[in-house]
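In the two assemblies presented below, chain A is common to both, partnered first by chain B and then by chain C.
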Partner chain A sequence: MNAADNMSRSPRALKIFKKTSERAEAEVRKNLESLTGREDYSPDFDYFIELCRGDSSPESIEARTGRAVMRLLCIQAPIELIHAAGFHPYKIASGSQAMTNLALQGLPALMCPMLRAVLGAVMGSESGEPSGVKPWILPTTCDWVVKFPEMLASSGTDCASVHWMELPHLKDGDSCQALWLESVFGLKKFLESLGARVSRKPIEDSIRIYNNAWRALSRLAMMRQEGRMANVWFTLIAGSFFLDSPERWTAAALSINPTPAARSSPKSARVFLAGSPIFFPNFKLLHLLEDAGISVVSDDLCSGERIFPGAVTCKDTSEFGMISALAQRYHQGCLCPTFIDNDRRINNILSRREVTDFHGVVFHVLKGCHPYDLESLGLEMKLKERGLKFLRLETDYAAEDSQNLRTRIEAYHGTLKG
Partner chain B sequence: MAMRIWKVRSIVQHAGFIVMMYGGRFGVHLGSALPCFACPFVPGCGGYCYLMGLQGYIGFGMGAAAASGFGIGAALGWFAVFIILVALLGKLWCGWICPFGLIQDWLSALRRKLGVRERMISYPIARCLAWVKYALLAGIVIMPPLVTVGVLHEDFYLPFCGICPGKSLLPLFIGETRYLALNYDNWVTLGFSVALLTITGVMLVGMFFKDRFFCIFCPLLALIHILKPITALRLVKSPEACVGCGNCRRACPMEIEAVYRQRKSSDVQSDECLDCASCVEACPSDFALSINFLKFRLFRSSRNYVAELRRKKDERGR
Partner chain C sequence: MRAISLKIGLDLGSTAIKAVIAEGENIVWRGIRATAPGQESVAKDLMDEGLSSLGAGIDSVSGVASTGYGKKLYSSADKHLDEITSNAIGAFILSGKEARTIINVGGQDLKILTLDDAGSVTDFKMNDKCAAGTGRFFELAARILDTPLSDFAGLSIDSGEEIEINSTCVVFAESEMVSLLARGVKKEDIIRALHCSVARRVSGLLGRFADTGVVYLDGGPALNAGLASALEDELMTEVRVLESPQFTVAFGAAMSLDA
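What follows is the complex of A and B.
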């Protein structure tokens, strides 16, 4: 599709959008059917399944949450602050192969499939009649995110308003931290320019709400670690977080009863999953690992355990104290490979090993996700030095490489058992 | 983990306050070598702060020793008791027992209740201020002998007590207000009382706007830290488990950076540390921080503990 088609909302473009949407819906339907047909399916998961099945356009999220949506692309913007301003922070992510095809043909061949799918989804959703301006909050994380509005504009889709947050890629220096704090206060100012009032009490409440959600997610992570929940369910539930109000999601997550993971056994090899995020409905890799008898017991994906930082601590509960605590938590505590001084990233894996006792690390690289790709080599050496088996898997949303991946995963499983 | 450390600490602090402030009234006196601000100027208190003993024994003890030989024995005896108490509990005295520490915590709680912003001291300035407590400790050690040998006026015999805000504030809890008055006996006493009132005022403001403001300057904390090599209780970090989230720094009443910054050594017990365990409680990385007694781990950081703490806070917040 070319830009002219999109801009004109021509009958041809609308037809393509319609077809692609149908394909995307079929993709979702097929994946959900395979999940609900599993032995470890429980009605406790229905709420999350319905969230993933339902319409994920900003308009429907607004209707569901009763709040205007503020669109995000990554986990770097403090969602507590956005929530405190009365908006619903909606991190848009997609694992839809169909949607990647909807994005412009002129885009780089080796482009992050997640952002390509998001581009497709946004172009598709805005081909109709957008119900209002939905601002984007974009911290300057990876190159794809930075260039996202430009790519969206090239495709003829108006990116509404974009608020940039300048993210220093060094974490430890005083000047970097001051700059990021300034960016976070800039976000507050932007939110207030939209008529919102961000004061102490709502910030305190939002921190409490998201800390509570983090607690619910931690409980699920513990269930997965103990083999009482399969990784596919954990990833589905974590991935549905932004699709509803955090309070409702938390209540549903806390009410889940443990269900022994269907395909794990005491003999299953236990691994830690690191690297690029994995979004529904693209659970290809998760299914392949499961099929090979490998249980993912912990992860550091920004679509999994790191979907929001949580555990924000601030003894200074003044407005300034809480905002600076949020700024620090989102900056210094972030393990995103876009940071330069990210040497503590490996510590998360090592400390999880103390409590989960896994045998190896599977590192997922989405084709085109260069920061993770670049990081994998150094990480591999450090982890191998500590006796952990490492497997780097580079893939995208297409199903064609499944057999190749399966062979490699099975061979890796053999080394874990040895 | 069912036990919540902050709650246990709060109970211990309040119990410590009652014993230290009113212990003498029900027959409890823990001696003259306590490593906390149990103020001798509070009639009926449950023990004496060792700083008073230190000044007294160094000064008059030396004089008495020259005359009778008795003072040295008592001085060494109380010093031995002080060392044993510090060796056993280390800075737990500061973070968990000191009544003046609790008063500071009350003021901080009031500030938080009012939603007033805490004033931070930048890291370089904090490092400079950290030396003040050692200077005060040096003054405590040097001045009393100068009184004994007649170089200084005799009213310099308890120099630190003369300016300690504990002397002016702690007696208020039994209704004693005399130390808030100026002492016109002579120029030295007048100077001390003016200094005491000024310092008290500055400290009250400082303690309201900054957690544990007085502890930055506390010579007792400096003295306990000097004995660090023999203390059994330590704050220990496992640098390989730290992801650098900074929760430890934000939870710390002293805003200690060393715990967050340390990437190699396990020793993170800095001179400002009060062993309050706030950092361990706030750390969501399993095994990253712990409070150890010798080689035994008493309490360690845990993601589950932090999550449980959130649940309790959430229940309270409803």
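What follows is the complex of A and C.
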């Protein structure tokens, strides 16, 4: 046991964990109260609200889904394959400001707040060990993800069980695609090394299950686009996806009836939301946009419309054919800025504009999320050339910059009207 | 008694509350008070003071618009408008409709606005939550150097030695200034370095290669001619200071009532 390990189990540390957990619960409670108090609240949302309110520890997710949890940090690993092996793919994410404070001192000051919050949550929950032995599946996407196990180890948590998926950051080229396919087969091999059997039928079933979930999310995205669902609800629902079995989540999503979006009026300015992900309970930006009369009608966030890479279609339904289709979909379909040849991002925004009327693009940069930050300037220039108004907002989970953001968002709204 | 023709703009900023009474497109009265708790009552007193000095009553007022961080605190305003749009309207009119690029140095933020030929905002940039290089920074410098802000411009002209202050951070600049004073560096040189340091920060926000043409400077710190001069040197373009630069935003709010 190292020094950090001793520290993480000390009575003082346990008291801090407890206090932080109470603060995190208060964040959740406050945010959910503001949502349930809205004019457009519907009991149809209760299932998702309860998922976000409830215990999100891996143990709790296991109890809910009846499957052992395989932990993820991003959407790059093919969840269908993990599900086909009998596990529940659980993408851990957190928008909790309280949990960012729990992460180990000495981490970089300008660090991805999402991973900082996850580190805090893992440290807090693992003071008693159990989920420390659950495996992580980590594709080599951004630097923060790559260094996550090291940061976790520095905080005294055992992270020996990590399966890396080497992700080629070029999409074009046979060698890159072959390398990624090899990584996906490597995942299958890893899952089988745990005693699972990953065969054709379960893969086919899992692809169907997640395709259904994607269709349910697409239906909600359409409701948002048509002004029948506010963006805060869409984001909450999308963000709750990994907290339960995909079948139950899909059934609940399909049972939502259209309701007019609160505060959305014909005068609302319509925007596309791009950039870093947004996780509950940090809905600061979403509320500020809404308060200013701006409706988000579409997005490309990996916490929103992009939690799935799209429907996976398999012409070849052999085991190899389906795994190849999964690999291709996850590699070619991803818009993550960690990719080098990423023209697909701007093409996606422009093609959405053809079918979804919006006046501008709001680009969210989480402080410390360098890939999105780097990509924002080029995107800004290209979108402005095409006559779209662009607003880049860099922020973190703290509320202290709300007034500053509000000023910018209100002024941006004025430019959209002009 | 005046006819009903007066428009009032209130700018409830982070460090000062500014009020402007306008008739047509002319400022007929302006006043400023430090921001204090009870901003609505401070703003109301200021407004009453202005009307009284003009010999006018509230029945002469056709509308009141509020802007600034505290705009919603003045709940009885006919209109609340964000300070970026207010700034654009005010600066455009006060510049004789010539302003296309405006730099506003406020109490806690820096803003850069670009306007089209009709005076509408086409784009803007604003610092995030850090108050580096803003009015607060100059206030701190004045306190450490024990020198009124109004003397800064004159003193910076007398600077003989070029030194560098690396930080515009309100916290780090304090220790940097204190250590410079301890080393016997002249106040004049420190003040000039402060101006250059803020100018570099503004330049960074503007984008070094942006083709801006003439730049209009407003906000309270624009009263400091030393800052305008440092900006000209840094931006390599003409910098014009608007008349009564700390009232541009309040004036713009008043003028927005016509829209």
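Heads up, the rule we're going with is that the second predicted complex is superposed on the first by the 407 of 418 C-alpha atoms of A that agree within 3 Å, B and C clash if a C-alpha of one lies under 4 Å from a C-alpha of the other, contacts with A are read in each partner's own complex, and residues count from 1 in each chain.
Here is the rule we use: a contact is a pair of C-beta atoms (placed from the backbone, for glycine too) under 8 Å apart; a residue touches a chain by one contact, two chains touch by 3 or more.
Everything quoted here is computed from the prediction, not taken from an experiment.
After superposition onto chain A, the partners chain B and chain C occupy separate space and fit alongside each other.
Within the superposed three-chain model, A:Gly333 lies in touch with chain B and out of touch with chain C [touch as defined at top].
Using the contact criterion defined above for the overlaid structures, shared-chain residue A:His370 touches neither chain B nor chain C, since it reaches no partner. Once chain A of one complex is fitted onto chain A of the other, the partner contacts of A:Ser218 are limited to chain B, with no touch recorded for chain C.
Contact with neither chain B nor chain C is seen for A:Arg248 once the two complexes are overlaid on the shared chain. Here the apex is the CA centre of chain A, and the angle it makes with the centres of chain B and chain C after alignment on chain A is 120°, in steps of 10. Measured by the number of chain A residues touched, the leading partner among chain B and chain C is B. Looking at the shared chain after the overlay, A:Ala411 reaches chain C, while chain B stays out of its contact range.
In the superposed model, A:Gln403 makes contact with chain C only, not with chain B. With chain A used as the common frame, the shortest Cα distance separating chain B from chain C works out to 26 Å. Common to the chain B and chain C contact sets on chain A is no residue at all. Residues of chain A that touch chain B in their complex: 171-172, 174, 200, 205, 208, 211-212, 214-215, 218-219, 222, 309-321, 325, 328-329, 332-333, 335, 343-345, 347-348, 350-352, 354-355. Against chain C, in their complex, chain A makes its touches with residues 384, 394-395, 400-401, 403-404, 407-408, 410-411, 414-415, 418.
Considering their complex, residues 108, 112, 115-118, 123, 211, 238-247, 249-253, 261, 263, 278, 282, 284-288, 303-304, 306-308, 310-311, 313-314, 317 of chain B touch chain A.
Contacts from chain C toward chain A in the complex involve residues 69, 82-85, 109, 120-124, 126-129.
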